[in-house]
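Next, two complexes with chain A in common: one pairs it with chain B, the other with chain C.
Up next is the complex of A and B:
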């Protein structure tokens, strides 16, 4: 019998990555079932995105939590298949501003910049923000910075508020792109993460299809549990 | 949900119960029928051209007498009239069973997908079969005067283990003067002239897409993948330039802008496969597609040419003793350079027997593809000479002193040695083969170019 051959293969060269940022609220009010549901949601997200060949090869993820501490748990962007799901702990306030700062840092540091005649850059990042309350720090100035960026801009920031404490007015103020609200039960979280996975999959694919200049990135219709805030 | 349909085929139900949507695409939503037999695609109203339904009727009309070709082409069978009582436009096709079928992208996207498939028991030979099936499918479609207009690796469903494929999404067919183009395509598979807006999809742009698909299926990468940035301000424009205006074959002989690193290094040692592992007659088609024909559509090989060349290429494969993959035996290289492109192992003694084919009527055996690679228990068959010939002439056997040929047919086969002797083989008789020997199967000849023993 032949000896076992080790198949050490590489990824395709020249593929653009699609950076995906998940900004997750881990404040005290998320304690218990909600944080558990978010944790499970992350597992579902990884599993769903990995199933899709396009997404598996192109999606890079960063998870930023804001609660007792503000942390980039993945320390930058990691390929979806080497993403290790961190364990989340709830506690503290809702320092959304700090999280936005970390997002800006990572955009500057980790998103690959194109060089004319040299390496291609990454796709514009997708950002999802999940929060259950009012921000407790200065979030206005980092939000403005994000809006004013000239290079390495983000493709879309989708904000989802969950639970009974969500204030639509604040949510609308925070949001840069579309915003939604939902309940804080486990079914809602599961539906939310499934929708995030679908969005990521369809964006990773649609970027290789030529579009008219003004057609927005197609986004799967959000599940019923997500209520659009106009 | 309830769907009302109309169909020219009597066996398609007028009413279907569907579940879903299972997918949401750019064009519309896709549902599966509860009976498990049909796929229903319902278009978004806002995306529709005015005469979409008329066009779909024409597509249905073209698919009336498919016969055996339904195995290759998943043709629309009915039109959707209503979904849940609301007026909708859409099509019904049969459902291709997944598994065993899966999207081509899932097995060819990168070497990682190939590795995964190998771990599940697939071999590169299955990929060669799939590539042949892709070419055959497009050849059949083009033979009917239709172009698909949107060939890419999510529109082919493949059954790797059995080397089969099915083409889906035929609702955007193009027939000159009968059906205008409706879709644009997926950038990495689109002909440069379509990306640049100089042409709309047609049979010649299909030829480009097919060549990209075949290359991708056999080498696990896109032959035109841009590797450098053309517009740092706008990624979408950058892509358009890279695949369109600046489209460039990754293995262009003197423009290295899109040449991958580690090209030609064995795949299982973090390498990248090169089309130089193809036999000359296949290399020629690659060059016509991506060097001569990249911007000159008329030069691109016909689907039928790919089909024939890929069929013939089966007679040139050899199995690696180390990694067990099949590969094209590189008879065009000196012995010491003949290696397995996957693991890098040198081909060792006993080497295969290399034969060259001739026909009495030269048109029957294209001189450019005359080589066959033969090993122990390989059969010498009529198909090697002519596609439709079903004859079996004999088999090659490894004996103590070298390869011999045994006559398995009832005809007398004449042999001629390079030293002047000659004779006949009756049924069951065999003869030791040596370099320069000629076998005559009655109008078809096989010359021994390498006997597998002497280097």
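Up next is the complex of A and C:
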């Protein structure tokens, strides 16, 4: 007769999250098809990540837009299965610096660092910035603050420029990690969000990275529509 | 030189680079000089889902009164991390034990002994059928070539074995035409002299070596703090900066020493509840002592490792216990 083997051992009830920040350009130049494509991309992102058992348990998302206003539309990080896709409106300039400030606020407030004997820490955040133009405010100061953080470090800020008006040099300077450019058609946006989903799923299931040092998280190979900016 | 008693090997060993030869679930057990030990390693949910092999491994070896317990975690992002982990524990153990003694070359014949009177009727529910493998390496006689217990000397042996294992892994990487990081692995262990009840504990990378007493459970090696998702590995050039080693004495109130990879350590180091570490340690000790037969304890341990549920706990899990 089979005997069920059960050991009675107290285990952690703490949940570790993978924070994912999507910083989306909603400036006037995104009006029309581009903003619609981003909106659809968010729906695709949620659907893809939710499908994965492991990612669904760990991924928390924040959507920060920068255009006419700079807003954290999710009011911080929310579980992927509770994420309600906001309605995006395009208008105004490209205040990326303001968006980075909101990112820093959320990192300080919403991301946990590990404390032995205390709570589990969260995974290192993944930050994706999607923009179709040049920043119109001071982005260098908050970007430096991100880089110099000692705790709740950010090692992955991926910038993606879309359309003909991007400044590759600035995109590269903003990024902490890789930079890409792509066209501003709906197929490109869909491919971008599919790649973001794959990256999030892959990182949510990764275990420790070697070196014990500050190295970016390995990511899946991007689709052809995303061209690496060297 | 005097002939000391035989040595044994329990746990995971290298077989092939061509494909994973690790069993998905593995357990070992034994007893030496009044100390019991069990070890178990279970493949994580992610590796199961992705059709990959177990990348953790463990090894328990003896030479006379010495016991060596090792766990290693092949880093998931490294292509051959599981192989690197198995190579590391096998090579490290060989190097370290060769400093303690030399093989005399005489195989000890097995003495048939009566079963201990326990009905080991546990099937292994992970598999779903009563299927499993039990295997042993033959014990061999050794001549003692080192005199315990000089603590400084112990630390020097261990550090030397780390250095040699680091170089060995780099050599293998070169031979296989891959980067050293491909074989990235952590390595944690305890070298313990069962007569003097002294030894050293050492750690490179994440994971935990925990001493459990009646009143508290405390890390034997206070390792470097890692941010979530980071570790140090034996293949990195500056491994010495992350390597920690400490003397260890089995005190009157010591109940057990537990070694574990991060797959288990992450589920007991961080709460809630606030007193999680000691609760975990005490519960494990209680379970270890529930049965006198180490075979039964080892089977229960690997079964538990393969099944327990904790939030976002998907990694391979390995736990070794030394107890009385």
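Heads up, the rule we're going with is that the second predicted complex is superposed on the first by the 204 of 230 C-alpha atoms of A that agree within 3 Å, B and C clash if a C-alpha of one lies under 4 Å from a C-alpha of the other, contacts with A are read in each partner's own complex, and residues count from 1 in each chain.
As a convention for this text, a contact is a pair of C-beta atoms (placed from the backbone, for glycine too) under 8 Å apart; a residue touches a chain by one contact, two chains touch by 3 or more.
Quantities reported herein were computed from a predicted structural model and do not represent experimental measurements.
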Q. Which holds for A:124: it touches chain B only (first), chain C only (second), both, or neither?
A. both
Practice problem: Using the touch definition from the top, say if A:153 reaches chain B (first), chain C (second), both or neither. | Solution: second
**Report entry** chain B versus chain C as contact partner of A:115, first or second or both or neither
**Finding:** both
_Looking at A:57 after the superposition, I want to know if it touches chain B, chain C, both of them or none. Which is it: first, second, both, neither?_
both
Message = Is A:87 touching anything from chain B or chain C once the two structures are fitted on A? First, second, both or neither.
response = neither
Quiz item: In the superposed arrangement, which partner chain does A:169 touch: chain B (first), chain C (second), both, or neither?
Solution: neither
A:10 in the overlay: touching chain B, chain C, both, or neither? Say first, second, both or neither. both
The intersection of the chain A residues contacting chain B with those contacting chain C is 2-3, 5-16, 54, 57, 113-121, 123-124, 206-211, 218
Seen from chain B, its contact residues with chain A in the complex are 24, 26, 103, 105-106, 109-115, 118-119, 184-188, 190, 195, 220-222, 225-232, 235-236, 238-240, 242, 258, 260-262, 267-272, 321-324, 343
In the complex, the residues of chain A that touch chain C are 1-16, 54, 57-58, 113-124, 153, 205-213, 217-218
Residue set of chain A touching chain B in the complex reads 2-3, 5-16, 53-54, 57, 113-121, 123-124, 198, 202, 206-211, 218, 220-221
In the complex, the residues of chain C that touch chain A are 45-46, 49, 73, 75-78, 121-123, 125, 130, 181, 184, 186, 205-206, 224-233, 235-236, 242, 262-263, 266-274, 276-277, 279-280, 283-284, 286-287, 299-301, 303-304, 308, 310-312, 314-315
